[in-house]
Amino acid sequence: MPELTRPHQSHFFADLDSTPLGLVDLVDESAAPASLWVEAWHSLRRRPLFWISATLIALVTLVALFPSLFTSLDPGFCELKYSLDPPTAGHPFGFDRQGCDIYSRTIYGARASVTVGVLTTLVVVLIGSVFGAFAGFYGGWFDSLLSRVTDIFFAIPLVLAAIVVMQMYDDVSVMTVTVVLGVFGWPQIARITRGAVMSVKNADFITAAKALGSSRLATLARHVMPNSAAPIIVTATVSLGIFIVAEATLSYLGIGLPTSIVSWGADISKAQASLRSQPSVLFYPAGALALTVLSFIMMGDVVRDALDPKARKR
Amino acid sequence: MKIRRIAGFAASVAVGALVLTACSSTPSDTESTSAAAEGTSTGIVTANSSEPQNPLVPGNINEVGGGKVVDLLFAGLVYYDAAGEPHNEVAESIETTDAQNYTITLKSGLTYSNDEPVIAKNFVDAWNYTALLSNAQLGSYFFEDIEGFSYDEDSALTGLAVVDDTSFTVKLKEPRADFPLRLGYSAFFPLPEVAFTDIAAFGENPIGNGPYMLAKEGAWQHNVGIDLIPNPAYEGDRTAKNGGVTFTFYASQEAAYNDLLADQLDVLDAVPDSAFGTFEDELGDRAVNQPAAVFQSFTIPQNLPGFSGEEGALRRAAISMAINRPEITDAIFQGTRTPANDFTSPVIAGWSDTIPGAEVLDYNETEAKALWAEADAIAPYTGTFTIGYNADGGHQAWVDAVTNSIKNTLGIASEGNPYPDFKSFRDDVTNRTITGAFRTGWQADYPGLFNFLGPIYATDASSNDGDYTNPEFDALLADGSTAATVDEANKLFQQAQEILFTDLPAIPLWYSNVTGGSAATVDNVEFGWNSVPLYYEVTKS
Amino acid sequence: MAWYIGRRVLQMIPVFLGATLLIYAMVFLLPGDPVAALGGDRGLNPAVAEQIRAEFNLDKPFFVQYLLYLKGILTLDFGTTFSGRAVIDVMGEAFPVTIQLAVMALIFEGVLGIGFGLIAGLRKGGVFDATLLLVSLFVIAMPTFVIGFVMQYVVGVKLQWLPPTVGGDVSFQTLLMPAIVLGAVSFAYVLRLTRTSVAENLSADFVRTATAKGLTRSRVVNVHVLRNSLIPVITFLGADLGGLMAGAIVTEGIFNIPGVGNTLYKAIQQGQAPTVVSLVTVLVIVYIFANLFVDLLYAALDPRIRYA
């Protein structure tokens, strides 16, 4: 039981110590002030959209971690005699051109695709927002240096970097693709963060925080960043989908994951050749990808709302 | 061989055509006779192509984009008709008694489009220029059989001698019965005197003796297209029956095909793989789908662990029998490939589908399993059977299908081994650092059986990337090359193929078909033996 | 301000050296021998290959190659391609086409993205907002090669509203469809960024103040909300201009546009260092200027941002 003190009030009806009513007015002075994150959580859990997207994300994660729970078929077993066959019992989505079961490929494809998407987004947001925040907040030569580095990175063609990076590894894996896309993605987030930080750092409440003696670094972390979060979150959630699709583009250009790794991207890329005759081959991996992106975009939206004290009041 | 490399689909070998059995070519045959009687048309035909990779000097052209243009701009000693049959063009006669010494006589009075006369010296100079080592011409190897040729130092072709303006003689290092057959290839075209004053400028604005010439100085718009108009100075069988040909360069076949459907393009010589299943419905009787002089296979290197000696022979046969070729050509290629029966192509004179040993190309699950088990009894197989390919050439689908077929039939691990682009694939093949089987394709330079066998399977041959060697095979090939007649030669070449069926240095897969089509705006579209349409015959009003 | 701009321009020198060195090294690291590949499946006679290698300095060590390239640039000689063309000519043909395409795509994604994003942000949670979410999901989940393929077939071939390819005919009409396809993905970004910023700024104090002092809603939205919401959007668009130019590989391939993306892709595949490095270097300069412009716009949009 923490030590409780009373606010200065007059009490007329009952001895305060004997009535639980008094607890209502008591303040826990030793506890830290409710942090941004705790408040955000309180607001989040009241939003149905949060629960919907959380459930979807949990489902996608479960499929990615344990695909065998959802199908007993081997996604790598393909018999050409079933090429482009329509759905039959046990094969609800039908077959692709190689005669592989589309349902099991969609299930097994989640692991590689979701890993590429989530991991790359994490890497990119971490590197990009730290670089961008420092560049925008401190400005000067530091900003120049970081900005010019991002300029160079921006201009490196994806195909060139992808081929160079991938040949450094004996086996191209999900990690390799993540590295390639990560090298490419961070400059964008860095620029967005830099812009947002620059527009926030001169706001009145930042000046107030500084006046109250908050150190530069603390101001950046506690006050500037949370208020710059909106564009970062939006870019990150959209990028998540873009990265999954980028893996498809790498496959399309012939530098993606090896065929032994099932992924939505590779399947979307292969489906391109069947578009004229059997467009449904494209539908399932692309649909699964869209659903995943949707869940993360919705999550991003509600998290942003929760972090914004003004939006929360409504 | 000419390289065809287009982003998206497209093999580094091409799709070609010839045999006149396909229904679409029969009506166009009759039409072409009637059109010839009616005379010529005046419309300008648009056709797809790709940016030539080198200046338009015939001896330095080894890919289709440049080949299409120089074949129209120049006329060689002979040209090939739709069936691949050579006919004299600039040559009046090509005579020999021993298949080693040739006397070539030219027709007199022929000129280039700049009115310079076509003389024997032009041929000798052009050939010497192309063959000279320090000129680094891509077509130099075509002259390796001529006396005086050297790969190691600059040396003149001493086997060539000008007799007078209309005749010259050729002396080969050893007899080659099919030498006259090769003379229609672009490396053998003549060059006018003016070419040698500034060869770089000439390559940009070439002057030739062929049925067409550049529409104007700078008609070659890089990466966009090239405009050709009929050459009034041309006299010969290939006289233009239209008002010109405009080649539009495409980066993808998809774009070219959609242009054809939208009536923005008249003649297309390559259908994208996404339209294999639908193009014959969409184009109706204007679709072309017939076998071509293109042979596809994958090579298993001689030293690949488990694939040499007796054990290797068993495994090679087992792999071959584990591939269901008709199923793959149907499902993956929608009938735009024809399952292979030999190591050459059905459009080449002398081709046969009844060579003893060819049954190893038939899908036979039980036999394949039995052979594999037999090989395993000698030494068990561990590892994954991979097929290397360049991923920028549209090979993934068939490689996946073939490895799946092997995997499902033999119960071994098997998968494709993609390289990001052609040069990295080629590097590993050339340096012998590739760790498995790899795709091989061959498009004929000239319509002869030897061209499919000699450069690939002869000991130490230039394209023998699997390092195959068999003295018996070499002997048959040599006998065939020096045989007095082409028929005799072909018989020996077929015997040589019997040996290939036992040794299987490469596993034959299928022959590419030429797939293409034309818009309703044009008539008389016929494809040549080398998969390139005979543009000069196309009529458009 | 002039000093600021001058400093930024001066910064181009180290960026130029860094970028060329980095890209040259990357092309050098590309797998495979570009010269051997010239021979196709047949391969090249080693002696001929040696000749070609010497001609293009490919037989020299990396740093010598790079310095020779830099030396050439000082005399405006950007090197030659394997086909013997001056790289500067190649760039002169490719850039005008690509710049047109990129600017059209930028206008498409900017105008529609900001416009729709504004409406969605003002009516957050409404039907229009939800519809736009679905549209952006579609654009995100479908790779460019699928969208391009479908649009080309439907609009170009079936309906014949627009020409299916560009080729040599570079005009507004032919570039319209490719520009939409190229800008589609970025449109999703711009849309989401604008929507979120607008929604956030609607509840900001200065908007309430503006509303309270009796300004009309349209003036509040246009002057106060939109202006303050544009910073992340402008940042994105500025960085995207270069991206649209370099990233048009797939789009230019589908619509047969003889631009930078196509040229770059071919040059990378063939390992042509001078072409790749020169093209990318120009792109770096485009990025630098676009970003400088964006930074100046920041100051115009938000008076609190000042440069010294």
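By written order: A, B and C. Residues from 1 in each chain.
Everything below uses one rule, namely that a residue touches a chain if its C-beta (ideal position, glycine included) is under 8 Å from a C-beta of that chain, and two chains touch if they have at least 3 such contacts.
In this text, all values refer to a predicted model and were calculated from it rather than measured experimentally.
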Category of the chain touch graph - line, ring, star, complete, other: complete
Most central chain, judged by mean C-alpha position against the global CA mean: C
Chain centre separation in whole Å, for chain B relative to chain A (CA means): 51
Inter-centroid spacing, chain C versus chain B (mean Cα positions, whole Å): 39
For chain A paired with chain C, centre-to-centre distance based on mean C-alpha positions, whole Å: 24
Touching two or more other chains - residues of chain B: 274, 392, 420-421, 424
Touching two or more other chains - residues of chain C: 30-31, 149, 153, 265
Chain A, residues touching no fewer than two other chains: 163, 167, 253, 272, 275-276
Interfacial residue positions of chain B with respect to chain C in the complex: 1-3, 7-8, 12-13, 52-55, 62-63, 133-134, 136-138, 140-141, 151-152, 200, 203, 221-225, 248-252, 254-256, 258-259, 261-262, 264, 274, 392, 419-427, 430, 440-442, 455, 462-463, 465
Residues of chain C touching chain A in the complex: 7-8, 11, 14-15, 18-19, 22-23, 26-27, 29-31, 133, 136-138, 140-146, 149-150, 153, 185, 188-189, 192-193, 196-197, 199-200, 203-204, 228, 231-232, 234-236, 238-239, 242-243, 246-247, 249-250, 264-265, 268, 276, 280-281, 283-284, 286-288, 291, 294, 298, 302, 304-305
Chain B residues within the chain A interface of the complex: 273-275, 277-278, 324, 327-328, 331-332, 390-392, 396-397, 400-401, 404-405, 408, 415-416, 418, 420-421, 424
Chain B-facing residues of chain A, complex: 77-81, 83-84, 97-99, 162-163, 166-167, 253-255, 258-260, 270, 272-277
Sites on chain C touched by chain B in the complex: 30-34, 36-48, 51-52, 55, 82-85, 89-90, 93-94, 149, 152-153, 156-157, 160, 163-165, 167-168, 252-256, 258, 262-263, 265-266, 269-271
